[in-house]
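Below, each structure is written out as structure tokens.
The following pair of complexes shares a single chain, subunit A, combined with subunit B in the former and subunit C in the latter.
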Partner chain A sequence: MKTKTAFVLTRCLYFLVTLTVTIAVLPPSVVCQTSRSHNVTVTVNKVTVIAVNPPAINLDIPSGPTAVVIAGVDQMTVTDQTTTLLWGTNSASTKITISSTTLATPLFSLQAVALSPSTGSPQTVTLSTGDQDFITNMLPSSGSVSVRYTGIALASAGEGTDTYTVTFSIIGI
Partner chain B sequence: MMRARRLHKYRSLYVMGLAILIVTNDYCQSISIAGTAPVLIIDAGTPGGQLTSVQNQNCILTYSTPVQPNRDWRITVNTNNTSPLFTLKVVAISPTRGTAEASVTLNSSTAINFITAIPRKTNNATCNLQYTASATFARGIGTDNHIVTYTLVTP
Partner chain C sequence: MKKLTVLTAILALSLFAFQSAFSQSANQTVTIEVQPVSKISVSGPVSLVINDAVPGQDPLPVSSSATSYNITHNSSTAGKISASINSALPAGIKLEITMAPVLGTSAGKQDISSATTAVDVVTGIGLGKGSNQTITYDFSATLAAGVFASTVKTVNFTVTN
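Moving on, here comes the complex of A and B:
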């Protein structure tokens, strides 16, 4: 009787030990889990982009549709508002500057101004070499604005053509 | 002779118990995520438009459901980041069992349905986790950290 009890107890112990070992070595995939987490990180770096359309415009005096030529007045003007400046910046405290190529002997002058930008303060600029502030105090934003160019010529300066390459830049302050 | 018969009886008992244990464990509910923790970096944008969104689909979710109870299961998702600067969405791509819900925006600790109608006895079904990050220029620069949790629940 004693031997039988000992035998049963031994078997039970054997069974329990084996079960414990089995559970311990089971792969994690078959161990009950109702919830799992992992880390996801989203990083936004500094992004500054700018574009201008169309690639070229012409201001023509006196045949341009907006040319103002008055008999007896030396100064003649012509304007163009077909240019759109587009930007995007996620940096705080930025501005857009404007610069142009150097003309050895410019016959006429050229002005540019942004018309009611959605952010920042527009400045009227007479184009020359070196960066000049065009829109200041800009907030992180994206948007577009029309640019009005004004060509100014004196009748006394005669005929000719000035060609400018105009560059817009976004600069952090 | 008697001893041999008894030994055979207990051995059978042991094998039966082991089999029940393994079968039960194979079909208990389980969920796991494989793959490197996703890092989504936005570093481009369109003038006059928005920043370019980025996607990550490198992680695989594996899930199983038990034999009992006799009912469908679902997986929910939530995040610990309840005020992120940027938008993070996740959707299940091609789940082998169950129905993928619409893309979930991760900005709440409340569990939102992610995969529904997962039948019982589902064994190691999988889907890809597709994360999409997007942002506006106005949101500026920065980093959001999320701990995203997937949970198997009964309806």
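Moving on, here comes the complex of A and C:
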């Protein structure tokens, strides 16, 4: 009995010593809960991105479903509304411009217009090599809009094929 | 753990691909193809009635220039207009047609009384358009043909390359 009590007391003493030593060697923050701080710098740069789908379309006169050919009329037209333009911008004011490659002797002309974009003012553009405003005064936003192309050919110009590379650019002002 | 690592890598690559599809400019190829086009329209109808004669002669013929045609042609191959009638007129009754030669050359007055197979009326049609071009009908009959009750005939015009 005396031996058992001594054993228990010894174990308790051993625990207390161990606990005391542990507390003595722990970092002050663990024991005393002192607060610390540092600076974090956050930045949001101007972001303007754009994409177009599909990558290629064909306008066909007179086989296209929207082709208009009238006997006695020189001008023939065809339209396409399968293109989707997608954008994202956080700039206070943004515009999208449009341009096309130079064709040495174009037979036909090409017009484009954005159909009711959710922000900004659309412009009907006859494509040329220089950048032209396509959608202006856009607010910070993201979205998509359908683009209607109109191909215009004159019967007096004959038959043939014109291929344009159309470039859409988004510019945060 | 291995599956989670692969899934994470796929997700990261997907996000990267999505981001790289967007840039500050985007290109699209737009092709306009204009194939050979030949199109004609005609006004009408027209009515031709023989109801007078000079004694001792066949009835007086009648003419009409009241109808016209429109044409659009863009082929580099010269086109032509041909005309036919749905069923032949009886012997002694003649229907002739002359078309103004816009864009091409008129074949002059052509007898289409029995032209169930089309005859050329304008040839060598070039690029461009013509509108409100005159079609002239000449209608005549011999005394021997007798009376021909009012009958509707269909004249068909075809433009080809």
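Going forward, the second predicted complex is superposed on the first by the 134 of 173 C-alpha atoms of A that agree within 3 Å, B and C clash if a C-alpha of one lies under 4 Å from a C-alpha of the other, contacts with A are read in each partner's own complex, and residues count from 1 in each chain.
Here is the rule we go by: a residue touches a chain if its C-beta (ideal position, glycine included) is under 8 Å from a C-beta of that chain, and two chains touch if they have at least 3 such contacts.
This structure is a prediction, so every number in the text was calculated from the model and none was measured.
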item: First, second, both or neither for A:Gly88, with subunit B first and subunit C second; value: both
item: Which of subunit B and subunit C A:Ile50 touches, first, second, both or neither; value: both
item: Which superposed partner A:Asp60 touches (first subunit B, second subunit C, both, neither); value: second
item: Touching partner for A:Leu110 - first (subunit B), second (subunit C), both, neither; value: second
item: Contacts of A:Leu139 with subunit B and subunit C, given as first, second, both or neither; value: first
item: Which superposed partner A:Asp74 touches (first subunit B, second subunit C, both, neither); value: second
item: Which superposed partner A:Val40 touches (first subunit B, second subunit C, both, neither); value: first
item: Touching both subunit C and subunit B, counted on subunit A across the two superposed complexes; value: 49-51, 86, 88
item: Interfacial residue positions of subunit C with respect to subunit A in the complex; value: 21-37, 39-41, 69-76, 127-132
item: Subunit B-facing residues of subunit A, complex; value: 7-8, 11, 14-15, 18-19, 22-23, 26, 28-47, 49-51, 86-92, 139-144
item: Residue ranges of subunit A in contact with subunit C within the complex; value: 48-52, 54-63, 69-74, 76, 78, 83, 85-86, 88, 100, 107-108, 110, 149, 151, 153-171
item: Interfacial residue positions of subunit B with respect to subunit A in the complex; value: 3, 6, 10, 13-14, 17-18, 21-22, 25-26, 28-33, 37-51, 59, 61-62, 64, 79, 84-86, 88, 106, 124, 131, 133, 135-153
